[in-house]
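Alright, structures below, take your time with them.
In what comes next, subunit A is part of two complexes: it sits with subunit B in the first one and with subunit C in the second one.
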Partner chain A sequence: MALKETVSRLPVRLFRPKEDARSATSTSAFWVMVRKEFSDHVRSWRFVILMTIILLACIGSIYSAITALRSGNGQAGESSEFLFLQIFTLSDGTLPNFIGFVTFLGPLMGIALGFDAVNAERSKGTLSRLISQPIYRDDFLNAKFVSTLLIIAVSIFSIGLLVMGVGLIVIGFPPTPEEFWRVLLFLITAIIYVGFWLNVSILFSVRFRQATTSALAGISLWIFFSVFYGMILNLIAKGAAPATDSGAEVVMGYQKLMQALNRFSPSELFNEANTTLLMPNVRSLGPLAMEQVVGALPSPLPLGQSILLVWPHLTGMLAATMICFGLSYLLFMRQEIRSRS
Partner chain B sequence: MRKACRQAGILALIAAILWTGGSALFPAAAWAASETELYTPYTAVDAAPGESVSYNVELINNSDETVTSNLGFQNANAQWTHELTAGGRVVKQLAVKPGSSQSLSLRLDVPLEVERGEYQFTLTAGEARLPLRVSVAEKGTFTSKLEVEQSNMEGHSDSTFTFSAILTNQTAEEQTYALTASADPGWDIRFNSGGSSVTSVTVEPNTNQTLSVEVLPPDQVKAGTYQIPIMAANNATKAETTLEAVITGAYGIGLTTADERLNADIKAGGTRSLQLTVTNTGTAKLEDISLTAQTPSDWEVTFEPKTIRSLEPGKQESVQAVIKSSEQSLPGDYALSLSAQSAQKTADAAIRVAVKSSSLWGWIGILIIAAVALGIYGLFRKYGRR
Partner chain C sequence: MAVQYSVIDSAVEISGLTKAYGDYLAVNRLDLTIRKGEIFGLLGPNGAGKTTTILMMLGLTEPSNGTVRVLGLDPASSSLDIKRRVGYMPDDLGFYEDRTATDNLIYTARLNGLSEETARESAKELLDRVGLSAAGGKKVGAYSRGMRQRLGLADVLIKRPEMIILDEPTLGIDPKGVTELLELITVLSKEEGLTVLLSSHHLQQVQQICDRVGLFVGGKLVACGDIEQLSRSLEQKNAIIVELEVGRKTEQFEQSIGEIEGVNSVRCSVSGMNGSHAAFEVVCDADVTPEIARVAATESELLSLRKRSYHLDDIYRRYFEGGDAHGA
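Then we have the complex of A and B:
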């Protein structure tokens, strides 16, 4: 962050009474930093490259969804009712659907935008100079987090709304309010999900002095969850699988165990949450007993019930995000900041 | 002695005459009456038009020789027909051994179209004559007849009235009748013969056929007496009669919720009470209405009261139904079918129950997030602003 500019925007402090000035300047200083960070991000090559990758992926997924819609691949029963949502969930098989791309590339975005948040400033020596300015120390970290989250929110919303726009052109009729709210909730969930990875990478950037180390740590965690975690789960599943002739309760318990293990992966949480939000016909995420299905009408859930169904997922993601932020906050505040460290 | 000699001489003379073919010399009539005789016990009978009268006639030979007689029948009435049979065959001539008799049957058919009165006939066999009298007590009609044994029946609007009718063909030919009923609109009349539904029947002359007539009243029939003329007709002949169906009343039952809403919300594992209204929509009293429910697995519906003893026409009765859902039920819609049954009628109410999952975990989630936020706030307080 350019120090000169930051300081030049802080003239107010000198002419204000002390108590008043403290709060006023802190908020204004914070927002100045946020604005600066934001503009830095937007102009960086990193962001351009990321956006290009994500845009290309989105175009691919939309194309695949549209071809699937046109060929009538959608489930016959529900296609007429929630056609608009199928743009996000449908795929003709050649490319993953939109959710799939967000699940896979969202972490990359979060990690790429956050891995050098603190340690780059530190290694460039700008951190100590910034902190020596009359600003609160935590405002620095908060500004880093808020500005990057804003970038993420803006890009995810623009991509999501773009997809909706394309859907409007292709399908030809507007979404119902419920569909709109569902898409909006999906986008907010995506922001929380990417925010989680952002916080993880900020945590690494606070913890590790070298930007490359924190980048590697973040990427390895991402690859672990998106590739290796599934393999490990498969191994566990094979080991824990009950005998073929075991009773329903044993099989049920096994299924529930595997699902619980699966849900440790943030991408799985995100996936389940969005499947439920974007497919109103999903009524349950776990294994179903026959007694539960008897008499059930195949009707879509109301929005409130869908949210209640994935509320644990949302809670988990939000809590994990906040805990990561709290950890990095704690670590950062307890760190020593020297002029050249 | 002289007298005896004279008698013997006469006998010898007679024998000689007979021997030489005396019939050519003397008129035979003077002798024949005593030679053969026709006999039947019932010489004067009553008969109805269309009936057959059978006679067992014996031809008795009183002479010493075998007598061969030609049979004849003097019939003044052209419509009456007769038949003479013996030993299973039609006979024209009969030979009888001396001193014995030979029986033959005479069948006399009373025509269908006949005036009442007494009719004379004579059966002849050679010289023997047998006068016969047949009294026809009623006038023959030469028509078809449709009769119903019990033409009045009573029942409620849902019952099927089954009448038994007999169609008699009293004409000389085989008739094919078209069966029609001219009932009020909405009434369904069906003719059955031999177990299958028919619209026309063929009846042999002078026989009858039993028809069963099913009468189904319309749904919205009012109480009252209804006349249903039925007719069996073709272009030659027709027969008609009138059936009478007495409707005592209609059975009708209605089941709905008190506010006519057929959907309800319920928490998974929770209960919800519904106010139901059972209405007697018919015009007859309903007895013993029982309330039942068809539910998803592990759901329970209890009714208060469980049964309604009796419900007068037009009256309503409220029933409290308490629905208890299963703990395991999924959020979303379930179908629930409630029904009120009486012996005569059943009414159903299909209710869509939307299960809402418990919001407990929602609050717990909010609590978790609040706790984490509080922790971060604590961090802010502890480390920030310095």
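Then we have the complex of A and C:
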């Protein structure tokens, strides 16, 4: 019986279309593409190099956090109950803390994994062959994004959990459930942040035909936000600073303006979100008037309140990601695809 | 429904197809019908609009005007269906270089909805068929140009298409490879009843295997039919050329040749020192070779005389030159 079944499943003539082959949906094609892209990433040298850099950074930051904890210059006296979270936020001054490394290296990861997503396929001539298969064009772009985001999620989670594990061994002090959730939320925020940069670089890879151009564009945007944006803001701050004797409202307005400008930078958004998530003592992100503080208990915020505080940040980052994705979608759909051009 | 069936007889029906890039017309009011099961050659110089036409057939580019039906389907609305049933090999095709040939084929098959085992089986069978079974486990990066092209053919066939479109399949392969590839295409097409659309700028190659040929220049189809039809229609339109070599060249001689009834034009192609030796090309409406010979013999010293009729080659070359002039 089994043999008969196999025989009947064999195509009668090799090149005649089989009816059941036709009925295949394009969702399966989408996952086929995701699988292929994912395995391409894992095999690539680029991924190995990136992971090495990030792992080294993690080891450095853990070391620095632990020496800081041992020497006791953390805020241990204030909130020893959140000791575990300090692995991520504390530094002995020689090396940046874990958040600092993620803020700095996350964009590099996003850009490096996405800058040649579309234009490399184009210049290798595989895009025109791929696009003449029965797949939707947007599926191609979605598959590129989803597979790379999966890679990013896997690596960030494994790094984060690895750091937690090492912390557990060194401190010998298990995290509370709340601490665990806070770390998990922090990791998800990091994925969204890297996802934003990934989308920026995919956008560039659709726009620029040369992989080097798109890599350069991505890196310069990253450097702009991590180095120059702060400088420009300083200039603006000096120019717009109110006189020392001006009223509280003027000072308040100035502070709010500076903060709003600051928040245009995705790394600033990410930083604020993480400080709130990993330091429950942070009660507010904007300036507070004295009357607002009066009567407030100097206790750490519960998890729900912290999330509420960073919700706009998350929304902002997601919105920026979507805008980039929408733009690359728009560009890609309208592009004519010829071989190697 | 009756109308539907009559449409199904032809694999491709194009009418009034136009594609404009700004002011430039890449394809200009093209009408073309390709019957099922035939090998059709689209012949034309680079930049004649062949690839653009093919892209419009697959729904990869939108036409500015006109209609296209491929297997009775409209590429604008059912591009996915067409791509499922039509295999397309781009002119400069690329593969994932760090993957093996088998992996590349399986990927294409999976994208077409074949299951993993079926894909593996078909890949093996097809590699065997195109003569790459020994190299199936090699990475495509190590493939030669000819091997890639054959792999491309396997890649097009793995979705079991009803029609295949090959854009410049013979580009950059050595003559032996070309012959092999063309033979392979012919065999596959005849055995499986595939419709083949082949674009090329090599007349000889197209002549070898195509049932019908369309001559495509500057976005227009200037002639279409089988090779005999084409050359017959061109012969009628065009005259006879007499090539003539004489020992002495005088102006008077040239004049008297031109005065013969039926002679259209006289062109001096080679001219020796002091008019000692010259060759002419005389274009005539009718066959007046004897007259030309007599005049040449009396007024000069006839060295050689050759009559030749217009070949497809000549026409093609002439159009080619015209096409280049347009492009420049």
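Of note:
FYI, the second predicted complex is superposed on the first by the 313 of 341 C-alpha atoms of A that agree within 3 Å, B and C clash if a C-alpha of one lies under 4 Å from a C-alpha of the other, contacts with A are read in each partner's own complex, and residues count from 1 in each chain.
Throughout what follows, a contact is a pair of C-beta atoms (placed from the backbone, for glycine too) under 8 Å apart; a residue touches a chain by one contact, two chains touch by 3 or more.
In this text, all values refer to a predicted model and were calculated from it rather than measured experimentally.
Once the two complexes are laid over each other on the shared chain, residue contacts for A:Leu301 go to subunit B alone; subunit C is not touched.
Looking at the shared chain after the overlay, A:Met333 reaches subunit B, while subunit C stays out of its contact range. Look at A:Lys124: by the touch rule set out above, it reaches subunit C but stays clear of subunit B.
Looking at the shared chain after the overlay, A:Tyr136 reaches both subunit B and subunit C. By the touch criterion stated above, A:Arg207 is placed in contact with neither subunit B nor subunit C.
Once the two complexes are laid over each other on the shared chain, residue contacts for A:Arg263 go to neither subunit B nor subunit C. By the document's definition of touching, of the two partners only subunit B reaches A:Met322; subunit C does not. When the two complexes are overlaid on their common chain A, residue A:Leu309 makes contact with subunit B while staying clear of subunit C.
Residues 136 of subunit A contact both subunit B in one complex and subunit C in the other. Per the touch definition, subunit A reaches subunit C in the complex via residues 11, 13-18, 21-26, 28-29, 32-33, 36, 40, 43, 124-126, 128-136, 336-340.
The touching residues of subunit C, when paired with subunit A in their complex, are 51, 55, 58, 60-61, 80-81, 83-85, 87-98, 107-108, 110-114, 118, 122, 125-126, 155, 157, 159-162, 167, 188, 192, 194. Residues 295-299, 326, 328-336, 352, 354, 356-357, 359, 361-362, 365-366, 368-369, 372-373, 375-376, 379-380, 383-386 of subunit B touch subunit A in their complex. Across the interface of their complex, subunit B is touched by residues 136-138, 283-284, 288-297, 299-302, 304-305, 308-309, 311-312, 314-315, 318-319, 322-323, 325-326, 329-330, 333-334 of subunit A.
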